[in-house]
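The chains carry the letters A, B, C and D, assigned in the order they are written, with residues numbered from 1 in each.
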């Protein structure tokens, strides 16, 4: 960390900073500048908390140099992580396609859609049993009945299933039925849920919070690691900005940054980013091109009857077309060596 | 709701929209425009879900006209709500001051600070026993021990206490000790926590999510109402924007909007918005001036030793000064009749 | 437009709205709702200004239905526009590559880089003669000398050149030398510059403003059209958001939206969006995949000596690699028919 | 500046950084950390350009420590600047009220409104003669005729007038008629306009750009200073964020930050921030409370007939009420010593 003093900081204030640095077991290294003094902190293991320094009079800024995350960082583990679920891999070497409806509405609906996406080449079936809804009066998902349907889809199609968990109370149940457990964007900093996920035996799909920086997102993954579960897949799904022509703004630069900073695989959910079907296919292509390890896409055979998010669901034939396009893209990336274990 | 068709929408597509409107029990009212057709929806009770309409081909937009929230709206309850905790009221007629450290660190620390803020005129003591921290390696709060200290503060000072609950598992415990239960910004859309809060017998202080619109925030309050608890206090604490000179951007226009749309009281937390002490006092004054029903401010007698958020904590003497300034402001507002039950 | 009344609006207030609608020559169509009255406006040609209606008491919202832009809209001109500059086309049917240094620094520098990018397959040479710099003390570009060098690059390589104009005073000069005239992000709403561009005989490359909605961007293009110049190329270059790992957030969903709403070609500048070299190549691939008609990329053979924006400039060999990757992508898109004249 | 190396940076890469530092005439000071090396830069006068360093391989970040602006900084001039226009002062010691219509529409309109605001206590009359409008088809202002009307308002009321200049071509004319020349939010980085303003003999009111950081805003003021004009008033008018209940988000924390970093006076325009009349009065009160040196407010006696921005204009009687409220607030601030020459 670098502690930057105000231009008019007194020697007494500078000394208070160096004392506090020593008190915490680090070594201060003053850097006298033309206009102001800065003080580097040496011999720290891991990140230093800037707050106590910012609390001192005469301090202008405290600039962290060390990244706050540890176990999820590429500096900690050089080799990229590959998550395996049955025969399916997520990480370098694969482009993993997760597809299905926003919400499980009935066994018939789930099996119909699963049949379509399976035939088109999807690897994993997605579908919500517990739905986080803005309104308490909206359809909240089928709950346990939805989980049972997901298990039936797996039995009939052989596809692993991913579904969202919303709370610690139902975590055991979700963990029993799901192959991959999703933590949604609204829960990215639900720390007790993250800790529980850290004790799960199944991989966790961790969506980025709507206003989360990459540091905060990786720290959420660090919570899961800190409890012992290192099977984490990151999922970018758009962030909230002033832009009003799509529901969220898909931040594709997150892919090269995460792949550089962390060893974890990262996939993209273009459906929630776009919010509108017309944008989903172009954004899905872009997500593959930017170097994501997979996609999560919403598909519904009757979107106008969907109980949730019909406007952003692809028709099955659109999903077919998307699959063909991105397979060709992915081949090029592989030939170019872009999808290797490092950036 | 108004369904706006694409300019080149076919008659068949328009008919599909009017059919779907009728199918859902509403009445369609087509509005032929110069360039495109729009279709109004009549005879709906409450908000209509735009998604099924957006899912139909030829539909450009579906524009909601009815607000999605009900019980929290001023249209539902004309009279402003006043929340009472012991002798303290929150709502029109009072300017309620909540103050204390970010985290409870020890009995001595809590009582020292409580003594200061009590003397300066604070009404409610704040202090975190369970702390949501970005890093799993940071101080996470004293937990139950912190709650016990809060009870001791109440006993010795007579001030009601407000503290954050982070999860349903510890909700009973927090409810037992706290006078007001806070739901933090990261949990604003933790729907199971909201539902549990809806079954609590104590008032809930609901902080706005870092990227939440006012509609989403009021819908979170609606979750609490929908389970039977109508004792909700809203708290604006800054939203995330590109602005980098403060930790968050305090959105003071939320106060007149919330006071117009809802009957609930709204207070401001300038400490988390600013992130830096120098900005806290000016923003606190502005919060009173804009018409908030109270403030929540962090105070620490040794901020450079604070285990959490020292940089934004006021020194006790700064809190004194703040109290004197805002009392004078509030008197003027009262004389002007600005703080009445409606906007 | 739809004028939505407050729930408690009086009949008198509703009448004032319908009077104002008639006064302006339109036809009011009231839509009585369960909770509130809305009033549709019929028989308007083009967009209706919402402000006079919002100014009336009892009005809650005035929701535009008609798009504000005319000549740039796809509804106005169904066929996609293709801009031709010498042998080069920009629009459906081509993937046009513009490359070169941020700033022209010397004849040698320009010719060296031009040789590299020409050999790698670039179609148009870019380079700044007039540079908009945040600081008055930074290098401001070579001015006319830079334009002369650009002309020399064109003479020696045959590549058309694109360069930025910053003000009406130097517009004649830039128009004399440039093949395409760029209007930068900071000038997107410099309306006198837009009007002057509307009287130019050369195509205009219009960058999106850092915080502009697509409506505002298309309205800026409408300014150029309104003065008679219909040779406009749009360029997305990232918008400003809270995200701090890239200089700006590249909004790729703008591509499908612009291609649907407008007949104008749209290209992407990944260099300014990213701000850092490591992100440029992945984002450039994504830009092609999403369906852009071209790219504008910064290349420098000695980025650490560059007088402007070295950190985001590709090395020539990186540009080679990028060209190979995107050509392969583009072929797939063409085979798929994704790059046709409509979305 | 602090140059932070990648963890795996080679000694050769570190040496390249120290060489470049020496080459530029500065002194490198390496700071070996536990995980990575950082290199401080000493003996620089003024800010160091981070770009050449970011362009070197192995460099992770280049963190500026020195502020980029000079003449506008409080470090350069300790005493707060007070701008004088006739009998009116803007800066510490005054709360200056600028009021009037968005656009000058006719002599009668201007004089009617000027009479109202003068009687209520306004010091300066505002009104647009040249209007920056999103659409080329909207009312663009009366131009020179508007300037003549402004002069007539000044003659009849004695109030100095402030009006916007949009381009260098009409700058002479505006400078001839106006007492204060406004540069609008869309032109904050129109650098040729800023340079021309730097050669003006009249004070400049510089509005913050819609997505500008405070550093960028102060650098725009620095452009004006760099040409010799040190009469600059800053005006915060809201920034663009995801928030959709107001037209822009008023960033009041800019006031304490600007007052700390710069000696320039800062006023607030709550009308453009809010976009809706109901929010203007509360935000205006907050602006005074936060410590602004003045306000700029739109007032219209017939907002529903206004040719521009009627929805945000106050009725004259609302402006009266506002004046009474804020005068009382300002007195308290003065008694508290909050409005002194430093923060």
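We adopt the following convention: a contact is a pair of C-beta atoms (placed from the backbone, for glycine too) under 8 Å apart; a residue touches a chain by one contact, two chains touch by 3 or more.
Here the structure is a predicted model, which is why all the values come from computation and not from measurement.
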(request) In contact with subunit A and with subunit D at once: which chains are those? Just list them. (result) B, C
(request) Select the chain at the greatest separation from subunit A, using centres from the mean of Cα atoms. (result) D
(request) Quick one: report the Å distance separating subunit B from subunit C, using the average Cα coordinate of each chain. (result) 38
(message) Centroid from C-alpha atoms only, then distance subunit C to subunit D, rounded to Å. What do you get?
(response) 26
(request) Please work out the Cα centroid separation of subunit A and subunit C, and write it as a whole number of Å. (result) 30
(message) Among all residues of subunit B, which ones touch two or more of the remaining chains?
(response) 211, 239-242, 244
(message) So in the complex, the part of subunit D that touches subunit C is made up of which residues?
(response) 16, 20, 46-47, 49-56, 68, 132-138, 166-169, 186-187, 189-193, 195, 210-211, 215-216, 219, 222-223, 226, 239-240, 276-277, 303-306, 308-311, 313
(request) Sort out for me which residues of subunit A touch subunit D in the complex. (result) 2, 4, 7-8, 29, 31-36, 38, 40, 42-45, 61, 63, 65-66, 75, 240-242, 244
(request) Using the touch definition up top, name the residues of subunit C that touch subunit A in the complex. (result) 211, 213-214, 239, 241-246, 249-257, 260, 273-274, 278-279, 282-283, 285-291, 321, 324-325, 328-329, 332-333, 336, 338, 343
